[in-house]
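Have a look at this one.
Letters A, B and C name the chains as they come in the text, with residue numbers starting at 1 for each one.
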Amino acid sequence: MAKNVSELPLTSKLSRRSVLKGAAGAAAVGSLGGAFPMPALAEETTWTLANSLRSVANPYHATFAKGGEDFAKSIGARYEVLVTEGNSEKGIADIKALLQRTGGKLILNVDPNDSPDARVIVEEVQKAGGFVVTQWNKPDDLHPWDHNPNYVAHMSFDGVPTAEAIANELFKAFGGEGGIVALGGILSNVPAIERKLGLDNAIAKTNGKVTLLDFQPADWNEQKAFEITQAWITRFGDQIKGVFAANDGMGMGALEALRQNGLAGKVPVVGIDGIDAALAAIEAGEFAGTVAWDPLWTGGMGLAIPYAHVTGKIDITKEPKEHREFYGTGIIVTKDTVADYKANPPKVDFNDLWGKATGQIQYRS
Amino acid sequence: MAAIAVERGQMLGHWRRWAPVAVLLGLCLVVGLINPSFFSFGNAVRMLNTAAIPLVVCMGATFVILMGSIDLSVEGTIALCAVAASMLVTNDLTGVTIGLWSVPAAILLGGALGLLNGLVHVKLRIPSFMATLGIGFAGIGIATAILGGVMVRIADTDFRNWLSLGRLFGIPAAVWIAGIAVLAAWVIQERTRIGRWIYAIGTDEQTARNSGIPVERTRILIFGVAGLFYGLAGALSAAQIGRGHALIAQDRLFTAITAVVVGGTALSGGVGSVLNSVIGVFIVIVLANGMVLMGIEPYVQKGVQGILIIAAVALALDRSRLDVVK
Amino acid sequence: MSVPVLEIRGVSKSFPGVKALDDVSFAIARGEVVGLIGENGAGKSTLLKILNGVYQPDSGEILVDGRSVSVASPRQAFDSGIAMVFQEQSILPTLTVAENIFLGREEEFIRFGLISRSRMHAAAAEELRKVHLDIDPGMRCADLAFAARQMVEIAKALSLNSRIKGHVTILLDEPTSVLEQKEVDLLFRIIRDLRDRASFVFISHRLEEVLDISDRVYVMRDGKVVKELSARSASVKDLHQLMVGRQLHHEYYREARQVPPSPAVVLAAEGLSRHGAFHDVSFDLHEGEVLGIAGVVGSGREDLARCLAGHRRPDSGTLHIAGAAVRFAAPHEAAGAGVGLVPAERKVEGLVAPFSVAENMTLAALPRFVSHGAIRFAAELGVARDWIERLKIKTPSPDTMVGSLSGGNQQKVVLAKWRIAGVRVLILDHPTRGIDVGAKEDVYDLIRDMTAEGLAVILLGDTLEEVIGLSSRILVMRDGAITARLDAPPGGKPRQVDILRHMV
């Protein structure tokens, strides 16, 4: 959500900008800004920071937006949130409008609605002279180092080891032997494919002790997960020793289906994302675990790294590739660690730019 | 005196009215033959439980569609009512607790949103799909704004037991409530003036007007009645998953319209019934349940679903008398 | 005459661009049947709709029993003792007979908010008895034959009689246009039976009927009442003349212009059958011929016409056009082979109402007006102007929406469409249904023009008289089979009884 401007210590400069706008129009401001750089004193705060994401109606992105806000506050900069509502055109149009409005002095941390959008966004930002970090989705052949210096970095999480790790937590919860059922995301979605791959790896490593009774895509939808799990209970009955869900939302749907049949707490469920409801379910012994992505960190760090570049703290073009395309760290939360995780939520240190990065992104296909 | 020829040859027409039932029975038979556990009591209960919320939603949607309009606000209305209900029972976000009174509160909120749909549609003369789409977005927007992206967790066991988890004669509470909703809808349809007027307006609005029916008022009222059902569905949704959030009703709209149409209610209005929609809901539910029970490849499921839905509509609609299909 | 039960004084009503009623005064006495005639567009329907509260007059007043009243809605009209049978059927097929009869007036059957179906059905059965219709009030009207629906509609209007104390007025806007003769007889008997309690206003294009049932007749022309006369002293010919304001042609059906058919066969059907509709139908159609097909509703002639035009597919049999065997899967294939259908329901099937006159005219021949993928609007307009001229179509311009034209002019647009498409065989299904006398004569002229140019016409006439008058040969159908083939040369026309014998 766009913060009210008056809350930020920018009032005087903003009003000067608006005078300029009134005189020459927004487009003219852009060209002026390019031709006559503002004095150094203005440099720190004339940059606008923005996070672009799908919708603040989902907990992951709401926290992601909050991370960006935290960083913006820490440096006293103006901060905006753009939402795509799942619409690529809207997402790109909003970014263009903001580039126009800020005269290109924009630091953007974007979770593109769809992979191809990333290229358009990067090109637009580069043309306007802004800086951008992308999250999760981008074409495999689009790399930050090919768009120096404006395309600062791409951050993602490796779904394969994450899913493998959380699947192992599930197996542990029911004794390591028996059948499981698995709920996947939208079939064509990259994280969905990676998480399925991780699950398959984990099952393969049990040497037949754990079998996959059935896999169904529930399209990240809680309700659909509920319905599919109901049908599984009919089909497999007590053969089901555990439920793997590729995200927490579907895991919650599965859990409620189990509850309707008196199985909540008896058949363990795992999910991925680390939403509050999943943490509560872990505490109640109904979930065997989840993976917390730390969206506060991705939301904030996607702005902190480019900001460090524009303020001269680092020169991004001189950073190694594992600082330009890197995985973040997922935190496995289980019954043993949930209390600690909730008591001490991961801290974000905006000065430790790559402290939580875990290696350069690998391309599998 | 046998004055004039009164009836027209209609054997096929009468048969068609039963086509959705035939489709449902055929579907049950196929699934049951491949996986006999389909016919177990446990599975019947689980399917009824899955059908409960779609049934309640479809009761409202059917009225609107019978009238020749469409209501796309389903998801927004349900979401807002679900969020409201979960914030009015014991929860982890607000201190307000009115227990089961949250149910009538959610129903009335739904009714109010429905009336708003009707007023915008009728008074501002905006096509119903636009008016309701707007109100639906607003509903999701308000729910999002209230929650700011978080979820409300319900800690009120009474609320969850009375609306979802509790059982009477082995049947979950949600199913009983859905049954009552269907009964209420059927009485409204068959035994009230409004019910008759829905058909009259859906068939021919001008004739309805000529017959002295207050068409505008009736339209607004029907959207309100539909909203009452969505409100109830909202409360049931919150109770079912024990949480309220803005995306709680995702995909409900599509399921509802599919069920109504598959049940044999025409989108053009005037033809169909809430009982048709009951059959339609079960066709959709049995289909989804059956796909999993029969172990059909996920990649194939959507195609099979699409083909069967088209087949069901083809059987139910008397297209022979339609020279023009829109 | 004592105080009229219903009277209007100096009523005017304008619609954008049209003065529909101009200072009309009109009165109905107790127990009287008043005929109201005039060409389409003369203002009859507008007048009735004002009496029924559908339209509000711009000026003038309505009096019931001598008291000025305001009739703001059909409901108010009903409460003042005025009910109407609409020209466009207003029976809703999705409701039951009883629900239709009491639509909008259910409150008398409501107890505790719910409708008592048994009481409603009992009351409906009572109303149905009055029109001698022996059907279950719980039956859906979709399952009723067309004529039976009309009787339900009449029962609905007559139900006023038992709902309202005192005298009532029932407005009948062309109630007979879809009824067969014995149903018309029944309706008239009912009207006469009810005269001690009800007055009637009766509109019909069948002037014989108007004279038969009415006491007095008002003749309207161009929104004005031009004549009021006693039915006993008037003749059909007088009425015709008053309506059109000119002397009728000596020969109504233009028999003198009937050309002897050429020996060239343009369409030949052999052993055509369609299950449940008609069987083993064979005939030849010659150039320049009008082939009439006579038969009652259900004789199979409508289905036959639709098969010939590709709207339906026959199950067996062969069809030759100009010697070549054809098999139509769709209307456009028939059109391509030179066969066009002018359907009875022109609003539904013959015209695209929101399109302009010109667009409708070129619809069936559009490829001719397209070059490099674009429509040549100038060429389209030119052709349209030409045909508007030739067919004397009354339209402000070729760009006028066709839906706003009168019925007769719409029919001419449909005819022009097929002429432009260059058809060789034109099937006319009730081409003069619901259009007025003047326009009818124009259509008859057009038919003669077409045959003179060598077109062949298959005619399903509105009345038997029309079929006899226009056709060169007549096929009679009964129960899906041809029962007679009669020649009808000018001066040697068969009599109606000769044909009726084979029809029923």
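Throughout what follows, a contact is a pair of C-beta atoms (placed from the backbone, for glycine too) under 8 Å apart; a residue touches a chain by one contact, two chains touch by 3 or more.
Predicted, not measured: the structure shown is a model, and the values here were computed from it.
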item: Other chains in touch with both chain B and chain C; value: none
item: Of all other chains, the one whose Cα centre sits farthest from chain B; value: C
item: Cα-centroid distance, chain B relative to chain C, in whole angstrom; value: 42
item: Geometric centre distance via CA averages, chain B-chain A, whole Å; value: 35
item: Chain A and chain C: spacing of chain centres that average the CA atoms, whole Å; value: 69
item: Complex interface listing, chain C residues touching chain B; value: 52, 54, 73-75, 78, 84, 86, 90-95, 99, 103-107, 110, 113-115, 117, 132-135, 142-145, 147-148, 151, 180, 182-183, 186, 276, 298, 311, 348-349
item: In the complex with chain B, residue positions of chain A that touch it; value: 1, 55-59, 61-63, 65, 184, 187, 214-217, 221-224, 226-228, 230-235, 237, 252-253, 256, 259-261, 275-277, 280
item: Contact set on chain B toward chain A in their complex; value: 35, 37-38, 40, 42-43, 46-47, 49-50, 140, 143-144, 147-151, 153, 164-165, 172, 240-243, 245-248, 250-252, 285, 288-289, 291-293, 295, 298-299
item: Contact footprint of chain C on chain B as seen in their complex; value: 1-10, 13, 187, 191-193, 196-197, 199-200, 202-204, 207-213, 270-271, 323-324
